[in-house]
Amino acid sequence: MTQDPMSPSPHALARGIFGALALFAVWELAARLFDLPSYILPAVSEILARFWTARAVLGEAAAYTLGEALAGYLLGGAIGVGLALAVTLVPPLRKVIVPAATAVNSVPVVAFSPLILLWFGMGVSSKIVMVAVAVSFTMFVSALAGFDRVDERSVNLMRSFGASRAAILWKLRLPTALPLILSGMRLSTVRSLIVAIVTEMLGAYGGLGWVIYQAVIVIDFVQVWAAIFVASVASLGFFAVVSLLERRLVFWR
Amino acid sequence: MTPAEEPILDLRRLSKTFGEVQALNGVDLAVQPGEFVTVVGPSGCGKSTLFNIVAGLEEPDAGSVLRFEGQSVHARQLLGQVSFMPQRDLLLAWRNVIDNAILPLEIEGANKAEARAEAQRMLPEFGLAGFADKYPHELSGGMRQRVALMRTFMFKRDLMLLDEPFGALDALTRTMMQRWLLDVWQKHKRTVLFITHDVDEAIFLGDKVLVMTARPGAIKLSRKVDLPRPRGADLVTSPEFISLKRELLDAIEEESMKTFGPASH
Amino acid sequence: ADLESVSLRLKWLPQAQFVGFYMAKAKGYYEDEGLDLAINPGGPNLLTENLVATGADTFGLSGGTDSVFAAIEKGLPITCIGISHQETPFVFVSKADGPVQEIADFKDASITTWFTGANYVLFGMLAANDIDRTDMNIQPQQVSVTPFVDGQVDVVTATRYNEYYTLMQRVGEENLKRFVPEDFGVSFPRDTLIVGNDFAAEHPELVQGFMRASVKGWLDAFADKEAAIDLIMKEAPTLERPHQEFMLDEVEKIMLAGAAAEQGLFTIDMDAVSSAHQILVDYDVLGGPIDLEAAFDSQFIDAIPSAERLPE
Amino acid sequence: MAGAQPVARRFGAVLPLLKGVVVLAAVLLAVELLVIAFDIRPYVLPRPSAVLEAILRTPAAYRDAMVRTGLETLLGFGAGALFGIWIGIAFSRLRFLRETIFPIFIVSQTIPVIAFGALVVMWFGNTILAKAVIVFYLTFFPVTVNALLGMRAVDEKQVQLLRSFGASDREIMRKLRFPTALPHIFVALRIASALGLAGAVVGEWFGDTTGLGVLLLQGMYAENMVAIWASILCSAVLGVAFFAAIGLAEKRIVFWGGESA
Amino acid sequence: MTPAEEPILDLRRLSKTFGEVQALNGVDLAVQPGEFVTVVGPSGCGKSTLFNIVAGLEEPDAGSVLRFEGQSVHARQLLGQVSFMPQRDLLLAWRNVIDNAILPLEIEGANKAEARAEAQRMLPEFGLAGFADKYPHELSGGMRQRVALMRTFMFKRDLMLLDEPFGALDALTRTMMQRWLLDVWQKHKRTVLFITHDVDEAIFLGDKVLVMTARPGAIKLSRKVDLPRPRGADLVTSPEFISLKRELLDAIEEESMKTFGPASH
């Protein structure tokens, strides 16, 4: 066989960096060549420079948003996994919870935003709730698929050892579901940040979304892009951390 | 093997029906302490169902009699009383060899450190010396089976149920495992009920071979195996072996013909 | 005749606040001026100045004098050619029986306001009344006025035509106390009409025509409010008619207030503009003074006689 | 069993729908009673009957909004699905392309579209195309990820078998890799349908005249809770319909249940 | 079987190295047209590697000689020239029985309708009458194997390679399939190279049995099977069978001992 195009090459990282640099180069060139005003597309160099000059504001905002995203992410993860657990432990619940969760998930989260802003105020709690709503469904679906994947024969083996429901859950179901739970968590990282930012744009006291909103008002698009860059870096970092955690925890593949 | 002793397991008129399907129909079976009983029968005849009942996982139909260590019991009372090894190894991927082996002790509430120490001592006997910290995905098929067997052995119950423990292995590896199992069994002297599809294996291992009928399963034939132990590889070509094999094969063929009808198969 | 395709970008979705433009379009006034005009609604995070500057839209009804200043400062090639709301369209509201009875009470009150311009009006009002806002409790305001209704907030910001209506519905007008910026020496004219500089230079006659048609549309809307509201309800059927009727009444008052009372609709009152400008300079919202003469161009609106810009 | 099957099949499509409607009605009734019993203020939670009444007062407005938002979603979703699959195939064959471009795709998904309404309007105008583009942007990514994952899930032994029959790379893609990836692709399509609908709704916040996003926005700023709930209800109906349609398509297309052999 | 004929496949000094691992080391092997050759050998000795080379999927090391139908060839020239059935059935889940069977013809560019008609005609012979429209998940293990075999037969090439085609089946079903395979083979008279782990199977089916050495694989032993055809179930207890089995088992045991060292296994 010739080399498998599916497996990663040894140059994967270099190529990724090359791709990013190439994009930046084209972007910079386009911005300069066509002399684009910043309200259409600011040059990358300009954005990176702002990265530095506005580092205090951006850093604080990023910490604020990451805090919200992380809290909502954990809460949503707990809710999603908890619901999946409930459905697994009390099978009749499945018929109620699965369709309800599907219906709720079919509504775009932004549609809930006015209600959630109303119920939970403009502070961090509304962001946390929004992120939790967005994350919990993904986690519910992933965890449920994970719990369902448990081999009935393994359950029977545990029962033959005299294991209780709780012991089976703790020693068998949870570890079996872990790979799917973690891949759901990996997917949810990017989403949690986006939802936090978007909710901040609808009303907040701080955070990257708030910075973006303010910057749009004063037509400062360099600031908007700088905030987006920060968000992207934060997302990638969050993604990488969870991926690392995943590789650590699911060492058996 | 003193046949006069009271049987450890005694089943009478044991039946089991799943909705429309009758899986077992009047199984009569007695196993003496220390005996190695092998069970063969066509696919789908109810062998695993029988084991599930004896392991306490399913209740038999009303009217069935299930006696264990001299007492009449409900199947569920046997949960935790019998060491059961299902058809595949079913190792937990996130536990290493030692921790897979001590799983039943952990569930019993034993001290973890002590259980680990005990398992560590048993490793060489199971040909797993030096593999304590390996995870299932780092083991070969034969080694995984041995870990599963070790787990079953660590759950020290007088009766062991082994459901096609070597079903997934190739013929050569299987031969090695059989010899090794006899070694270990002879040392530990436990009572074994062993399901297999392979008649050679049934004769090679068993003190007694049971042939089950096609579904609904019952005991069609029961044969003592009067071959000397320890048994070597050349046994399979001995005349006694061959004549017993012939008899068993004929019985099985008769039953499996009922299963492998021209269209049903 | 050959119609020129142009567009007007509003600052928000269709509602009575903008009905004059819909009226002018329905009556064919824009076509009479050689314009095939599309009315594009706005939305959150959509900046009218931006869209006009890039040529995506020809005309814009933008946020207000404050957003025009910001655009000029950032070098966007746009000019304001008319001002719709002659005085600040929002007020600060407290409860009639609440702890805030006069501006001095703001000091210890919990206040919410929009940090999109309204906050500077508030700061200006406080400064004009010698109140130091450095350790006051001023928070961004969310879409809903419920925190105020529920008593979690003492002072809330409300547009006179929108949130104030909601407050009247939920609390009752008699239970509300209004703080009008003009009463405290601050005025922010808003809802500014803007055009791209290139377009204005190339087609001054079309800009002129746009202004003429728009003025006529608005006067028609004031003259026949029933028809005007019908028009809006057709554009946005899920709106509440009584609210839109109230909105039109309020907008009429705001559009004909101040200098417009004499000179007519869309008057650019440079005094009001420079006073608003001064507040933003004082608060360092703007990096420095901008060239107001270049940014606000009265020639198009002044070309229409005042008599034609006032109701009968 | 044999006799029951055709009957079950005939009602198979209708029965769950019917059941869904009954359940929905029951839930709405329960909420109605709850709101009345606990005297919940309409600003916290309006009565479902009031919401339904609002929809029935101007049914055309809600119908048009659903049609419009549905159409936007459908267009963008279709394009996103096709592009996602296509680029997934390209990525699976061209490693250099994948390793260079894919990280950029990931980063692209961290950009909140609503911050760039102006750019969208500038580039695509106030057309249905603009919304479809946003939906496209949100949907293609999960599809690409899963298509790639699915094509990697192929049994190498099956590839070898086809090679031994003299099959070319293209034939292996068509006859083996793509069908193997289909179940994974459908999982992505389910996720993407909800994302796509959200994209269409947000897209309508960039200056549009019809659509559920417009109704939602109007409800939000007029603080009309009934109108907000009415648009939520409509988008739930639309979302569930999309989800169900994808499920139905999946059942038809991936009839073998997803196991690869 | 006329041994004087020119061999259809002729391998000399065939070796294959994967990086550090030498899988095959000097395999010498000639297969006559119409011959049924079975290959046994310890796990990991290189049997599948040998098949992969003959199927054209891997190139042997330099110095190896690979002759096919009298001509010296590169392995890749054999792609599409040999009908190859891998260890598992590898049916495509989204194709029904007929469409799975005609897959190789489709790839050859044959007319689909004609290929289907031909497959339809062959179904009864493979015990699949009436199952044309069924999908793999609706079939039993034995039936799936027969579809895979039918697919291999439809790819009409003079040489067929079957890599443990019955490896996944239980002993009883396997016996049924063996008898059936001999029936079909005798009708179609094709050349077969057949890998198995099961010595009984190797003798029961083959004209010739090859035993391979442990890795790196070479031919250790080659034995003609002079048992009359058609062969029945009772053959396995005949003295000739047993003595041949003994000889082969000893050879295999010697080799597998090298593989199953105490730690390596």
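Side notes on the structure shown:
Going in written order, the chains are labelled A, B, C, D and E, and every chain counts its residues from 1.
One rule holds for everything that comes next: a contact is a pair of C-beta atoms (placed from the backbone, for glycine too) under 8 Å apart; a residue touches a chain by one contact, two chains touch by 3 or more.
The UniProt protein names, listed by chain, are A, D = ABC transporter permease; B, E = ABC transporter ATP-binding protein.
Just so you know, these numbers come straight off a predicted model, no measurement behind them.
Taking the definition of touch as given, a chain qualifies here only if it contacts chain A (ABC transporter permease) and chain B alike; none does. The set of chains in contact with chain B as well as chain D (ABC transporter permease) comprises A, E. More C-beta pairs touch across the A-D interface than across any other pair of chains. Mean C-alpha positions place chain C and chain E at a centre distance of 85 Å.
Taking the mean of the C-alpha atoms as each chain's centre, chain A (ABC transporter permease) and chain C sit 39 Å apart. For this pair, chain D (ABC transporter permease) with chain E, the centres built from the Cα atoms lie 48 Å apart.
Between the CA-based centres of chain A (ABC transporter permease) and chain E the separation comes to 51 Å, rounded to the whole angstrom. Within chain E, the positions touching two or more other chains are listed as 57. The residues of chain D (ABC transporter permease) that reach two or more other chains are 43, 114-115, 118, 122, 160, 219-220, listed in rising order.
In chain C, the residues touching two or more other chains are 44-45, 47, 50, 54, 143-144, 146. If you check each pair of chains against the touch rule, the ones that pass are A-B, A-C, A-D, B-E, C-D, D-E. Residues of chain D (ABC transporter permease) touching chain A (ABC transporter permease) in their complex: 20, 23, 43-44, 92-96, 99-104, 106-107, 109-112, 114-116, 118-119, 122, 151-152, 160, 191, 194, 197-198, 201-202, 212, 216, 219-220, 228, 231-232, 235-236, 238-240, 242-243. Chain D (ABC transporter permease) meets chain E in the complex at residues 155, 157-158, 160-167, 171, 175-176, 179, 182, 254-257, 259-261. On chain B, the positions that touch chain A (ABC transporter permease) within their shared complex are 52, 55-57, 79-80, 82-84, 86-88, 90, 92-94, 103-104, 106-108, 135-137, 155.
Within the complex, the chain C residues that touch chain D (ABC transporter permease) are 9-10, 12-15, 40-47, 50-51, 54, 56, 143-146, 149, 162-163, 166, 170, 235-240, 243. Those residues of chain C that touch chain A (ABC transporter permease) in the complex are listed here as 44-45, 47, 49-50, 53-54, 67, 70-71, 74-76, 115-117, 139-144, 146-147, 285.
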